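Read through the structures below before going on.
Okay, so chain A shows up in both of these, paired with chain B first and chain C after.
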Partner chain A sequence: MLRQLTRSLRLTSRAFTHFNYGTDSTAGQIPVTQALVGWAEKLKAAGIEDTKFNLKCIISHVLNKKFNTVPDSFEKLQFNSSQLADFERFLEARCARMPLQHIIGEWDFMDITLKTAPTVFIPRPETEEFVRLVIENYKNEKHVNLLEVGCGSGAMSLAMLHSLPQVVSTAIERSKAATVLAAENAKLLNLQDRFTVHNHTMEEDKYMPEELKDKKYDLIISNPPYVKTEEFQYLHPEVVVYENLNALDGGSDGLRVARLVFELACRHLHPGGKLWLELGNEHPPMVKTIMNLKYEGRLKFIASYNDQYKRERFVQIEKV
Partner chain B sequence: MLVRKLLSPRMGNLARRWASTNQLNFQNEKMQGYLECLRQEYYGLRVSAGGNSKAYARLAQLEGVVTALEQRRVLERNITSAQDMELEKDEDMRSLMQEENAIYTDLLSKQEQTLLRELLAMADDEVYPALIFGINAGAGGQEAMLFAQELYEMYTNYFEHKGWDYEEFAHETTDIGGIRHASIMVSGEDAFTWLRHEAGVHRVQRVPATEKSGRMHTSTASITVIPRPADVQVHIADKDLKIETKRASGAGGQHVNTTDSAVRIVHLPTGLAVEAQSERSQLKNRELAMSRLRSRLVQRQLESAEASTKATKKAQQGSLNRNEKIRTYNFVQDRITDHRLQGGTMHNLDGFLKGGEQLTSLIEKLQLEHRKERLKDLLEAWQPPQEAINKS
Partner chain C sequence: MLRNLVRLLVLPPPGLRCKSTAHLDYSRYPTLQESDIEETFTRGSGPGGQAVNKTSNCVFLRHLPTNITIKCHTHRLASKNRVEARKLLLEKLDAHLNGENSIAAQIKVQEQRKSTERRRRQNKLQELKKNWQERERTDGD
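Then we have the complex of A and B:
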């Protein structure tokens, strides 16, 4: 009788350890390599490229470690049970094509790290190249009074302020959520003394908010919405579903908002001041034509530049 | 009388010490001339340095020696000579003098140590802003590669311990956790004067983890240290670069949201390819890749026969011979023996392999030996300047 009892006890305990296989009930730790099993394939099946990078981003976020401190091999890393739950939740979201930058709640842009928020436009790698170019052009200026039109999370302005102490930036932004986020990012980066952001929607004859209507600037930068309406069907799911379409929709030729920025630049740039724009592939030649036809004596097309993928994307315009 | 008795063994000690390091004796006439020459150079420079950064660097180098020298001279003047002592008839006065002399002699010997330290530091005057530190597994197969990995950990810890920046730009690993080869660029003003003593063949004796029958093996790994002179510049033209990211084609900008952060750069003239993917920002990765490429090109340049003989010829003397077996790590006896030092055996291998204070103290000994040799050579080669001879 007793022997039978101990035997069954031994069996159940063996079964118990078997159920807990890999989760090690005392510490609740599970090796990351084990948690990873199968996810790369799931991500690929969901249409996500660069799965390794996606996984590493999410792992470092779950472990609350800086991305560049996490080794490429995860052999020595462990999740506890709540981290494991987060990890799986985040990956489910990623499979549903939620942008990686929204999942982990922050993203690096040049030398700064920005908080991200749902619906607020996420800066792209090309925008880093754009800002690098602008910084290159202004690094030797003594003082720069900068205006950014449509700042989103604040990436462009804040990256400029971060690398150039002589810049002071004002920004306007139509989305309330983005306005709040940009101000918060400025604070997190301790740049709030040189950065102000106004919630304002640009309209014809009301380009600037009331309190800024007489202000003039040395430099205006903008990455206005430039996606043509007809191109909306080709956008990535991450973009269509999760990003604010107001930050993308550039009307039938993609230049609807850019045209408003031209008008704004005429009124709010000092003579000799510059307007720098990041636009779509075929836009720079169109902008050149518009400048020649409509803005003679007011704005002058200076040059266009390629992004890092060798696409002609950026323009520089001067106020006459 | 008592004082004299107390004094005599001390003097004897002093004399013996002088005798043993004779060339570096401050009573030595040549040494005196050399020091005086340094002092004159120092004051000459102080008058004429005006805005010349090279002169300021030399001034800073000389300052320690000159200050120590002048303090020594003051002390020397305070010692009453034997003749004066003889002339003094008053017994009390004489014992007072002797007492005083004992104190000054003591101070003088301390001061001489300071002066010697300054002089020795000055003799080690090869300053390089950076160096390329190489680790190569030698004889012994897998075991040698495992040992190379341990050395790699020891030295990277040591770089951190010393606060030097380092960047790795080549690393070949093996399946069982060893490395074949690693190249690391180490930056830091004093990095070279420390690490140069590590160049050579390191030998390990132990029962390897890979060994089934429990036999002891002897394997080796070699360390190379190539100084990077300040004036090595590589010019990289934009047209020579092919910069690749994961996203080669397709729409860009606002149309897509791919993170696309990994960067690979190919330097077309040399065919060198470097990658960077440790950052989330593409631009940061590009900067990283560029600096890696630059390091690789510099390394190539340094290792190319001509440049490397030019840069390392001086440094290779003595301590930098690549083929010399310099140290043994014996795990069975838990000891490290440096073959260049007399009594160069230490224990606590685990502590040593952490790359901290223990390594520092060993290198300090090597440094001292090296500097003494350098100073002797320097003195031997030194000729009193012409005008000084004319004056005397």
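Then we have the complex of A and C:
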């Protein structure tokens, strides 16, 4: 009788483990379609809108499959026990508004895939359009000495290096974490021989680190922080909690950091060299005014351009 | 920029070209003008850029002259889906405008011709085998 009791106890306890979800699950495996029951609602309740996309990204990542090889219906896919644990952990993190790109540890940018890291700014799709524009303007140049100000994960420089073999890039970045990540991404993409990043914070009269103080470049690109401080209250948690505010804060008018870049460009661009900036929606006309009023004879406003959402956000400036 | 991409796409993607020396007639293959396309891809309202980290990857294209629509969310990145969507639109346009003269239809006809030829050869071989076996049997008598 005791044997009967222990046997029934064993069976009931097994029934309570998450392995026994359905009759069609093989030992220790659970169909993905069952594992995700209830999660779309939890994501929506947490304030996340594109739930299908988030689920597909996380499932692809857990199963170590490419996103475009996973069917939208997730049919015939299964998690083992450790994958299921990962899956649920990642979804809890997503419900806590951790950025999807930080959860899956990588993100695509143009034709490259970059590693992501906590606190480091995640490259935005508009910046792809910005880099495409710069590449278009430089693809026929013989050799380009590029400087990137505030490279973050290294997205812009590395995409340029990947696309144009004649470009060599130096970058400065104030965040230690981002500096390390950018160097790591360069190594992962095998571009480390054409990319060096220096951990340095720009300030008045010390625009560049000591080792670069006499260097001049053909091209400077930057996507400096341009969000107005007063706009921080409207930012989503993914941005304001998990990304570095230093990567966003442009001061009261959004151009505090851009102004430092203007001064840096005066000192470190060859004559005829160009400065390309990605800024916010209202900034291009302001930049044109600043060039005319303050930088006559030194910098010249060439043109502004729209991003793919038809917003005027990119500017091209020339060193006179 | 996208104009260059579209120019690239005037030639059908390599996957569509036959490995054999099959002669496909591209004379009717359509061209895609950016001005004819209405593109919608969500990025949320507001200024976008640094302030936003929305991850929508879905691209909708509408070809204005024909009202043909394409929805594409194959890739993780919207920028890749923009290119993919234009490829799909070109294929759909080709089928719509050229019907049986579209590249896809031409390839199908060629594949069918190849398989009927293969079947005919197999049948011939079977026949020859059968005849030889018959002859062997009668010879053995």
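Simple rule for what comes next: the second predicted complex is superposed on the first by the 296 of 320 C-alpha atoms of A that agree within 3 Å, B and C clash if a C-alpha of one lies under 4 Å from a C-alpha of the other, contacts with A are read in each partner's own complex, and residues count from 1 in each chain.
Keep this in mind: a contact is a pair of C-beta atoms (placed from the backbone, for glycine too) under 8 Å apart; a residue touches a chain by one contact, two chains touch by 3 or more.
As the structure is a computational prediction, the values presented were derived from the model and not from experiment.
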item: Combined model on chain A: chain C and chain B, fit or clash; value: clash
item: Touched partner set for A:Glu88, first chain B, second chain C, both or neither; value: neither
item: First (chain B), second (chain C), both or neither touched by A:Glu184; value: neither
item: Contacts of A:Glu136 with chain B and chain C, given as first, second, both or neither; value: second
item: Partner chain in contact with A:Glu312 - chain B first, chain C second, else both or neither; value: neither
item: Stretch of chain B penetrating chain C in the combined three-chain arrangement, among 58-66, 148-156 or 292-300; value: 292-300
item: Residues of chain A contacting chain B in one complex and chain C in the other; value: 49-50, 53-54, 57, 67-68, 99-101, 108-110, 121-122, 124-126, 128-129, 132, 225-227, 231, 234-236, 238-239, 243, 247-248, 278, 280-281, 307-309, 311, 313
item: Of chain A, residues touching chain C in the complex; value: 49-50, 53-54, 57, 67-68, 99-101, 108-110, 121-122, 124-126, 128-129, 132-133, 136, 223, 225-227, 231, 234-236, 238-239, 243, 247-248, 278, 280-281, 307-309, 311, 313
item: Residue ranges of chain B in contact with chain A within the complex; value: 243, 245-248, 251-262, 277-284, 286
item: Residue numbers on chain C that touch chain A, as the complex places them; value: 1, 4, 41, 43, 46-58, 73-80, 82
item: Complex interface listing, chain A residues touching chain B; value: 49-50, 53-54, 57, 67-68, 99-101, 107-111, 121-122, 124-126, 128-129, 132, 225-227, 231, 234-236, 238-239, 243, 247-248, 278, 280-281, 307-309, 311, 313
